[in-house]
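Written out below as structure tokens is the structure these notes cover.
Per-chain numbering from 1; labels A, B and C assigned in written order.
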Amino acid sequence: MGQLPYGADLHGELTKIVRRENIHLGRISALGATTHARVAYYDQNTRTYNPIEFPGGMEILNIHGNVSMRDGEPFVHVHILLGDAGGKIFGGHVLPGTILYACEVFIEEFEGQVLERQQEKKTGLHLWKTGYLS
Amino acid sequence: MGQLPYGADLHGELTKIVRRENIHLGRISALGATTHARVAYYDQNTRTYNPIEFPGGMEILNIHGNVSMRDGEPFVHVHILLGDAGGKIFGGHVLPGTILYACEVFIEEFEGQVLERQQEKKTGLHLWKTGYLS
Amino acid sequence: MGQLPYGADLHGELTKIVRRENIHLGRISALGATTHARVAYYDQNTRTYNPIEFPGGMEILNIHGNVSMRDGEPFVHVHILLGDAGGKIFGGHVLPGTILYACEVFIEEFEGQVLERQQEKKTGLHLWKTGYLS
């Protein structure tokens, strides 16, 4: 539990921390504010991540995500919910380019079976090779 | 920590897992994407759950919920936040009929006092008989 | 894990619980419904919390927050996401005046370095003096 610095890139900062701490399996949750946000919507038909930008100050109402392995390195997958001055909410899959005003974050490390991402044919997504709960 | 399969019904799949694992008390959090979503808004005046449908691919930005007992069986209560292609957000109380494109989920099991749901007069909701924190 | 009573003020009730239980460091997550909500958007230019009111019944789709110390006492910082009858989502930084219809909540207590808030020059926010993760 701690905070990320003003001006940091959310995705880059989380990636730096989980690689430095060598976290192979984990969960991330957070709140805070952005000065600029860049997220993606994954189009299931075209199988592309379409970027969406939110310039200016927004509240971070929730960040939820996980840590697993991709290409042999700890990899961060986080989704974000952002609020504007009128209390309206926007969000998506966090991309590099989301810049923090403030961020209070929980990073939990888990023991157990490591989950590795690889691209899957059915969805085009980099899902886990194993780890199906049912 | 793991994933749910493509095409699964979110509420049905979570219910199947917590009953198979005999989880009486727990927490659920997740992200992913849907191909179709079906949620409810509870109308406090009419005391009815009004369903709302979101056809087509949406990001799951957050799922948060809990596991407790209802009618002698493990019972899943989850709320969902969904994002469209423009980054606009929708959501509600998850109903059967929410179909997954992908879902990365945490299910935590807790020890301690079991919480049992029963319908309560003041709200019309199936709340816990005990477990008031204050 | 438990519930908060009908008619309680969300922020006041959480504050009462963490002070009674003497929780110095922790995490809060929840779902439920409100009869009235009062949240804030922090304007980064004017450095003011601007209140926004949501009268009438709304679903609480997610509450995420933390517990740390401010002015020598346990202090609750929570953000909320609310859904209306059409499944549209609103939210912000929870202020006193958010009144509950129902609320199912997890409060986790952590051991470790205590985090203390104090106003910071760069942002105008009461952030932690320490606890930078990077």
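As a convention for this text, a contact is a pair of C-beta atoms (placed from the backbone, for glycine too) under 8 Å apart; a residue touches a chain by one contact, two chains touch by 3 or more.
All of these numbers come straight from a predicted model, not from anything done at the bench.
J.: At the interface of chain B with chain C, does the proportion of residue numbers present on both copies reach over half, so same, or stay under half, so different?
T.: Different: fewer than half of the residue numbers at the chain B-chain C interface appear in both copies.
J.: Turning chain A onto chain C with a C-alpha fit: angle in degrees, nearest 5?
T.: 120
J.: Indicate the whole-number Å distance between the mean C-alpha point of chain B and the mean C-alpha point of chain C.
T.: The mean C-alpha positions of chain B and chain C differ by 22 Å.
J.: Listing for chain C: what residues touch at least two other chains?
T.: Answer for chain C, listing residues that touch two or more other chains: 29, 62, 81, 89.
J.: Sort out for me which residues of chain C touch chain A in the complex.
T.: Interface residues on the chain C side: 25, 27, 29, 39, 41-45, 50, 52, 54, 62, 64-66, 77-81, 89-93, 110, 112, 115, 122-123, 125, 127-128, 131-134.
J.: Any idea which chain B residues touch chain A in the complex?
T.: 1-6, 8, 13, 16-17, 20, 29-31, 33, 35, 57, 59-62, 81, 83-89, 101-102, 104-107
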